[in-house]
Amino acid sequence: MIERVKVAVVGVGNNTSALVQGLALYRQSGSLVGIRRPMIDGLGVGDIGVVAAFATSAEKIGRDLTEAIFLAPNNFPRLDCDLPRAGVPVTKGLVDATGVPRVAAALAGAEVLLYSAPSGRPETARAYAEAAHHAGVAFINTTSDPVARDPHLLGRFEAAGLPLLGDDLASQFGTSVLHNTLLRLLQERGLTLVSSYQVNLGGTEDFRNLVDNPNTKKQSKLNALSEGHPAADQPAADRPAAGTVEVAPLGYLPHLRSQKVAHLNIEAQGWGETAVSLDVKLTVHDPSGAAGVNIDLVRIAASALRDGRGGYSAEVTSLLKSPPGTAV
Amino acid sequence: MIERVKVAVVGVGNNTSALVQGLALYRQSGSLVGIRRPMIDGLGVGDIGVVAAFATSAEKIGRDLTEAIFLAPNNFPRLDCDLPRAGVPVTKGLVDATGVPRVAAALAGAEVLLYSAPSGRPETARAYAEAAHHAGVAFINTTSDPVARDPHLLGRFEAAGLPLLGDDLASQFGTSVLHNTLLRLLQERGLTLVSSYQVNLGGTEDFRNLVDNPNTKKQSKLNALSEGHPAADQPAADRPAAGTVEVAPLGYLPHLRSQKVAHLNIEAQGWGETAVSLDVKLTVHDPSGAAGVNIDLVRIAASALRDGRGGYSAEVTSLLKSPPGTAV
Amino acid sequence: MIERVKVAVVGVGNNTSALVQGLALYRQSGSLVGIRRPMIDGLGVGDIGVVAAFATSAEKIGRDLTEAIFLAPNNFPRLDCDLPRAGVPVTKGLVDATGVPRVAAALAGAEVLLYSAPSGRPETARAYAEAAHHAGVAFINTTSDPVARDPHLLGRFEAAGLPLLGDDLASQFGTSVLHNTLLRLLQERGLTLVSSYQVNLGGTEDFRNLVDNPNTKKQSKLNALSEGHPAADQPAADRPAAGTVEVAPLGYLPHLRSQKVAHLNIEAQGWGETAVSLDVKLTVHDPSGAAGVNIDLVRIAASALRDGRGGYSAEVTSLLKSPPGTAV
Amino acid sequence: MIERVKVAVVGVGNNTSALVQGLALYRQSGSLVGIRRPMIDGLGVGDIGVVAAFATSAEKIGRDLTEAIFLAPNNFPRLDCDLPRAGVPVTKGLVDATGVPRVAAALAGAEVLLYSAPSGRPETARAYAEAAHHAGVAFINTTSDPVARDPHLLGRFEAAGLPLLGDDLASQFGTSVLHNTLLRLLQERGLTLVSSYQVNLGGTEDFRNLVDNPNTKKQSKLNALSEGHPAADQPAADRPAAGTVEVAPLGYLPHLRSQKVAHLNIEAQGWGETAVSLDVKLTVHDPSGAAGVNIDLVRIAASALRDGRGGYSAEVTSLLKSPPGTAV
């Protein structure tokens, strides 16, 4: 029988809530609903267990992980399953590099460190990566901060036989992949794009933060629509023209909680220059989209670690927005 | 300079209106808007010319083609271009096989016969195919009546070095391809389909006829969503489950004229069995979708004829719903 | 303290399920969510109790009402509340007038008979009305069959001091009232209607029946949009033109269960003849819409009975599609 | 025969373009499409003529009004009508009070001054009002700057027999009136509001300005939804609860030009606390919505002037967001 993968997580936000609750739900039900890959290298979803968790919020530190995931500002829903106490108290996380030895010690026994904190703190991300390296643990960076894109750091993980996967998680199902797919379909069918927009509304802390600093995300969205993943493997000529696609400001609407709502419109022309029009509304839980990819990253990292394959693994490129080699 | 392809059309309905007007528009403007393939074997859109037209409506017979396309019940809009008289009077079409010699004589000088009459009259379709064979003209069947799927007839065209392309035109952009693409995207991302529906509304004679005989079309839609084109090249395991996708009755709404409006809904589940929901409204002119594919079929047929390649051409399979070898 | 109103129901379908479960939910929670009128003549929602139920389905007869409401083809969801056994076994209902004495006897102790069977059986509806008259019980007809519109019958109820309320329940919130409100708003603001459509999709037996016999319902919808309730109190000049509003065929989509989904579109013109466009999707549980009105009809009937006011009560006109005086 | 009303306009933006073009269109066609009130006090739409126009843009000054309305950043479409030269050159507008005598002189012969410049310059608005007062001309303030709400100024217009109408134009058909109507309908039917949002997208300079200063507009929207016009005449208890309605940030999407697109969502509960859901997309030309109200304000002002009724007229309250007596 396969040994359960021991995962430590940094960040006890909505994404961790979705991961921890989903693990419980699938273990109890045996369901495969919503799971992209039931088995990866012999590891099922139920073969993953969280053994440590780090956070900086005073309210969360010391609480059992299964309680801490429901504390504000988290607002991912309580899934319909039993959630037995994890026996994993939330540990005080890193603030700067001075805490690295302490965190490395706390990682004893873990195989994978999943870095799932908010983006925008590159020094913290790298300090955790150092701790993982020190403790001989694989590291996954789901934030847009450059970690796997740092060739020096990647080289050190590779040399140590430790997997380093990142950066910037691509959601299992989100606005970009949907918008991209529709624009590409129109193009394949020979329609000419006239204009297109997307509006994204949500109620999480992530949305609140992005509303305060909108430009980065908007540019990132436009990149994703024009030349980013998952289209980056297509020749440039086949990609939709970026100039005609507009991304409206994000809307932070607290009542949506962890749901994201996106409105998309595409106006195009077909034969005879006649109008073709598409209006789409998408509703999805963002944290589920993250957890549904994290469960794959964790299994790929664990499998690589057990096999002694250090560094980056090309297998995860489609799961990331900014893999090694893309712009920092 | 390439010689213009001489096309005869059977049926002076909306689809022929879209084709004839589109040819004029593109020739005048040089625009490539809405054109899927600017050049096919050296033939541009402007290299196609209609030299004969057959219809059965007393009002249309004898009128110049450029007038007949605007007569009721046609309701495709007048495009924004000049439409000089074609000098092509609409000829009385076939009713039964006795007219074959007359039609064959009228095809003298034509290279391609585009059969674009309503579906549901297989004897008429085959009589026109006989006339084309007799006259040494390539034949394209855009209806669902079996013509290219008749192995004996196909063999005779092949032997004579005459192209025979069909059956059943797949629209350049319609509900099926959109619905299929979205269902497939969900599946690729690992979401589990809960339920889905589509409703199609339109104002053409085609819609009126289909409303009177809904079952055929509904089944055909379900086929298209489960295993038909353009997904037939995918392994069965990758196709969406047909049982959960429902197609509501077509609605004939005269005020929509040649526009089709489709409402699609998809309910799915992602990680943690959380809900993912998609609502789509598509607005498109069905006759444009037909003309945008006919323009490719005509050029492929002409090129094959000029090259002496008779019979079916695998190149057109993606443009058809029922190519040779599929069920009659 | 007020005495609880004793209600007998005919028909143990989705509407009765919604009523019975809703009564339990509100009694337990004290909630007023979704209740239009918390108190009517001193009667709260919790002051209503079901004491008898009639049905014709062999599976339902003899079962406790709280079990029978969940039997197929019923598909209204199980609400989130405890549902203690009612102690009310479902009684064999009337087939023809010979059963009237038996039903009248079974009504002993009841104050109101709520006729909530499917529409289309006028003889049955009147036989139950006779039984109610015989037993000295108020009668409510929620079907489109003419009962309260029968002046002779109404006169007899009036003479006996027994309330008779009907016919044809107007839903608490449905497509007609929404479409009507939007058309009226456009008109008030001086916009000119170009065209409009509605499509209704649902998964109940009602929908299945209406799909088999679509014309009646479609005409009734158009009536409602042009001159029916709730707009009948407006001068004809203020009503939207019926000719430009189209109702697409109903779609029976079993997976929707008791949900109704309606898609509405309105195209209009404002100043300078510029386009104004509205697209609406409505999702609602039809049986809730019925129960939310039945709870008011029952209280009004009970109050009138207790006060000795027989016959029709003008107070309920806004709750009905075909009150006395409208066409049979 | 009635004498044509002589109107001077301040601001040569989209709203003035819609007004000027609409006047030409209706005069030529005799159409009443999209006109709320064909006649006001004997004045038809065609009885209005623009005799002077003021602007501050160097490009517009000196150009004929019928040319100036198409200069950037104006992006209201060219309507489908002839637009003969007006013979009205755009005059240099006011910057501060020193220009009042010059403008007053330029108003000689005018009856109404329609102030249709961007909001946010209260001193300029009042300087134009002074010029109108000086010249004996009625004044209409369509901006949110307080003019008619200034009791002293209003008193002086009243004493002089000059109409003063304002402030802040309510669109003929916009998001607020639609959202309000839907929320009120739900309430009337006894549904309980759970949550609601609106998102507004547009491509005009107004939108660009509002995106730069979003809070004012958002608050104003919330006011309109909770207690502002057009609902201010309803008792407070009948108004929707403001707390549950959220207005997302405006999105400036240049490709929309003068179209506004609004997405509305309403989640509510009916009987049994079951879900009711409404999704709406509205597309409308904002400048048409302004011109469709301005045409009424101008006729009411002219009629009052001709009758010697100075000051405010209660008749216009429903056309304004901030009439006299509301908060400045």
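A, B, C and D are the chain letters, set down in written order, and residue numbers restart from 1 in every chain.
Just so we're on the same page, a residue touches a chain if its C-beta (ideal position, glycine included) is under 8 Å from a C-beta of that chain, and two chains touch if they have at least 3 such contacts.
Just so you know, these numbers come straight off a predicted model, no measurement behind them.
Shared contact partners of subunit B and subunit C, listed by label: none present.
Put simply, the C-alpha centre of subunit A and that of subunit C have 49 angstrom between them. Inter-chain centre distance (subunit C to subunit D, centres taken as mean C-alpha positions): 43 Å.
Multi-chain contact residues, meaning those touching two or more other chains, occur in subunit B at positions 279, 281. Contact between chains, as defined at the top, is found for A-B, A-D, B-C, C-D. Partner subunit A is touched in their complex by these residues of subunit B: 18, 21-22, 25, 31-37, 77, 79-80, 172-173, 177-178, 181-182, 185-186, 189-192, 268-285, 288-289, 291-292, 295. By the touch criterion stated above, subunit B contacts subunit C in their complex at residues 195, 197, 199, 201, 211, 244, 246, 248-251, 253-256, 261, 263, 265, 279, 281.
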